[in-house]
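I have a structure I would like to understand better, so I am pasting it below and will then ask my questions one at a time.
Going by the order they are written in, the chains are A, B, C, D, E and F; count residues from 1 in each one.
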Amino acid sequence: MARAPKTLTHIGKRGEAHMVDVSQKAATERIAVAEGRVIMSAKTLRIVEQGDAKKGDVLGTARLAGIMAAKKAHELIPLCHPLLISKVEVEVTPDKKLPGVRVRASVKVTGQTGVEMEALTAVSVACLTIYDMVKAVERGMRIEGIRLVEKRGGKSGVYRADEP
Amino acid sequence: MARAPKTLTHIGKRGEAHMVDVSQKAATERIAVAEGRVIMSAKTLRIVEQGDAKKGDVLGTARLAGIMAAKKAHELIPLCHPLLISKVEVEVTPDKKLPGVRVRASVKVTGQTGVEMEALTAVSVACLTIYDMVKAVERGMRIEGIRLVEKRGGKSGVYRADEP
Amino acid sequence: MARAPKTLTHIGKRGEAHMVDVSQKAATERIAVAEGRVIMSAKTLRIVEQGDAKKGDVLGTARLAGIMAAKKAHELIPLCHPLLISKVEVEVTPDKKLPGVRVRASVKVTGQTGVEMEALTAVSVACLTIYDMVKAVERGMRIEGIRLVEKRGGKSGVYRADEP
Amino acid sequence: MARAPKTLTHIGKRGEAHMVDVSQKAATERIAVAEGRVIMSAKTLRIVEQGDAKKGDVLGTARLAGIMAAKKAHELIPLCHPLLISKVEVEVTPDKKLPGVRVRASVKVTGQTGVEMEALTAVSVACLTIYDMVKAVERGMRIEGIRLVEKRGGKSGVYRADEP
Amino acid sequence: MARAPKTLTHIGKRGEAHMVDVSQKAATERIAVAEGRVIMSAKTLRIVEQGDAKKGDVLGTARLAGIMAAKKAHELIPLCHPLLISKVEVEVTPDKKLPGVRVRASVKVTGQTGVEMEALTAVSVACLTIYDMVKAVERGMRIEGIRLVEKRGGKSGVYRADEP
Amino acid sequence: MARAPKTLTHIGKRGEAHMVDVSQKAATERIAVAEGRVIMSAKTLRIVEQGDAKKGDVLGTARLAGIMAAKKAHELIPLCHPLLISKVEVEVTPDKKLPGVRVRASVKVTGQTGVEMEALTAVSVACLTIYDMVKAVERGMRIEGIRLVEKRGGKSGVYRADEP
């Protein structure tokens, strides 16, 4: 794992927030993978899966919401740079062991900053969409474990999260 | 706690996703409270808090990002209705016990649908903003426990999450 | 069919564009239904249908894109009023006779202006999404026949398009 | 005309929608031209033209709406990549033979994907804007013939639609 | 003129920013009028006017940009409530005495909060658009005197700015 | 100061507005600095400053609103090109001499067009946000002197505004 700086790069000299200057960074290929999960009862998961088996809609809707949200990360997160994302892939997988649904997003760019926030935003909004579509059945669902799984490209090199 | 329906209201008769018809629902006052947390190392939390003590910026930026995101929930979540939110409040509190930062959002509306998604979106985006501003120090942070804490108003009545 | 005024209500006294004043209109329930179609070769339609039979994705993606676009009509169309849409439904149906795909959107609101533009925008964006997802196979597809099918509510009463 | 692939590039291996990876494509200059038309009665067209002769507003508003919409194509169409458009031109021309209004959009970019969707979105939203501004006079207008006229640049080479 | 409170209503008890709760306010008709001006050389103004005489475009584009921006005020200004604007009118008038262009926006709503920010945003963006379209001719233009001219409706009653 | 062209580059041959073609311009580093001020009574300024001393919120909120608005300039200003901003910095400084608050924004990009509009939009929205947060105390505040201070990069070279 690459060494991280020990200062908050978004905080200016006098403490005010600002968008950091990335103009001197090289435009290289950068990849980020993030994940998260929505925890629900086994009964709710069955309803989601049956719906999905027949129609694909809860999971398919969450997948699209995640993809579209990746393109909006810089609008939502104040100090995030706009980027020309070259790929977004969101996987939404029911998992009986949780029980619940696992979400994994992978984003690629050729640019001057990384796409961690795009991948994390895709995961978050996909999870929120699952919650929205299933909340009438179970309000007590929780979104857990949203984290960066992997990051490649850029000066800070490769990052890979510890398992699990 | 009010009883929840046992069907997916966003799924049409033939299984396709649609925005449910709320035109016959009464326009009543509705409130939702949601929470979540960003887990980080004690060392990272100290950097955040020192930054905040002097400048208020990591936590203040997250708070504003959460408020602004509540207004965008219907743009992010495909089947969410647009609403005229009448109040948003986002609290962002460092907590040494986690260690990390707790986020709590409370949203109010007078309208035909609830504001759970607005509150959950505010929490999610505030957490993502904290991650964004501190990621240079610690990439391994995790966003955990995003859930609905309380909901009042509308036909389904009062919902209150079990502790903790 | 109700009688339509014979002046351009969006044009001011000196000819400049403006958003018309709807503050004196009653907030009544209003419904609009619009339709359109994407014309393609029979061969392309088969690819779309097979994709859909197995996966639901071309048609499902178009459906969601249409629903989300209905919420954006007032951002796209300069003099369109913002509205609190209470329902959006988009149907996307392959039709061998065209050959191609038919799109139909139905939008409901309780408000001071109609939702024709929301329904027409939903249809247009659903058609554009079909084009986007299938264009690698056939660039020569055309979007045809986007029109208002029905409109109810408001002072101008019921409008129903002539068949077909 | 260049040969088109015979698979749906937006559909993943297991059938789910995703944004295709364009990171290996060269950043070349790409141009797309699209067209469409709004069909109305001769009487309505006269009102539009008189309005336009004096004030330029129906046609001018449609032109601007089309330009602004080209910049939003990637927000509306789920799997469309964001792009740094370098030029947008929208022509809006009354045509007594239709009778109605012809819309033609031309978009240019230096990037890794084409701008067909940007041009088609510009045309669609310009047509919707004309409908919006004239609908009080004639609700039965139709939007017809939205199609790609020409496309240059990128690996798939030149595409030119058959006449007319 | 109505008496204004002497505290900052957007600042919470512990000093953090929040969207104030307007849920107890009555939904009454509210109007706000704002103005501003772009100052330029007499020579630049002539170019604008000649362009406008023939084509209406600098001034017409600014007018539309102002109208569309009024609908976006709550997205731009963090603590501003979303509103269902019922009317927007923007006047853009060349004035040889300045020399420059005067902008005046008038916004109406039936709602729980005022539309001052919508009117001021419309004026600001119309002025920015004039700057954008004329900057190739004169970079030294200035935007001056953006202020609220009049406000009616709501508990604070009527406000009218002192002349001029 | 570099020489400016004497024509309106946004106006087409027949007078219609269009986004100018920048595809032949070199992608160079470009910087723009803009400024503006909000004029208020000395008493109001004291309230703002006390709020800020304790909490940082009026000024901090304006700063963030300005940064986020820079990313939206191309959505607000019809003929403005989208850009990948590489840095935004907004300074918000109380000034007893005005009395009021000075706003200064600095934006950097590597691209084919300048960032004047991004800097001016950041200043405008930061000023509007200050107005919004303090308007309950003094409705008569004015936004004055929004102008370009400096511009570097691109074919037109360096521009620096005359003092003050």
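The rule is simple: a contact is a pair of C-beta atoms (placed from the backbone, for glycine too) under 8 Å apart; a residue touches a chain by one contact, two chains touch by 3 or more.
In UniProt terms the chains read A, B, C, D, E, F = Cyclic pyranopterin monophosphate synthase.
Please read these numbers as outputs of a predicted model, since none were measured by experiment.
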Can you name the chains that touch chain A as well as chain F? B, D
Centroid comparison with chain B (C-alpha atoms), farthest chain: D
Which pair wins on C-beta contacts, D-F or D-E? D-F
If chain centres are mean C-alpha positions, then the most distant from chain F is chain C
Fraction-based call for chain E against chain C, same above half, different below: different
Whole-Å gap separating chain B and chain C, where each centre is the average of the chain's CA atoms: 32
In angstrom, rounded to a whole number, how far apart do the mean CA points of chain A and chain B lie? 16
Chain A and chain E, separation of their C-alpha mean positions in angstrom: 37
When you check chain F against every other chain, which residues touch at least two of them? 16-17, 55-57, 60-61, 64, 68, 72, 75, 78-79, 82-84
Chain contact topology under the given definition, line, ring, star, complete or other? other
Which residues of chain D touch chain E once you look at their complex with the stated criterion? 55-57, 60-61, 64, 68
Would you pull the chain B residues touching chain E in the complex into a rising list? 29, 60, 63-64, 67-68, 71-72, 82-91, 108-110
Sites on chain D touched by chain A in the complex: 12, 16-23, 74-75, 78-79, 81-84, 111-112
Residues of chain F that touch chain E when the two form their complex: 4-11, 14-17, 36, 47-48, 51, 54-58, 60-61, 64-65, 68-69, 72, 75-80, 116-117, 120-121, 124-125, 127-129, 131-148, 151, 159, 161-162
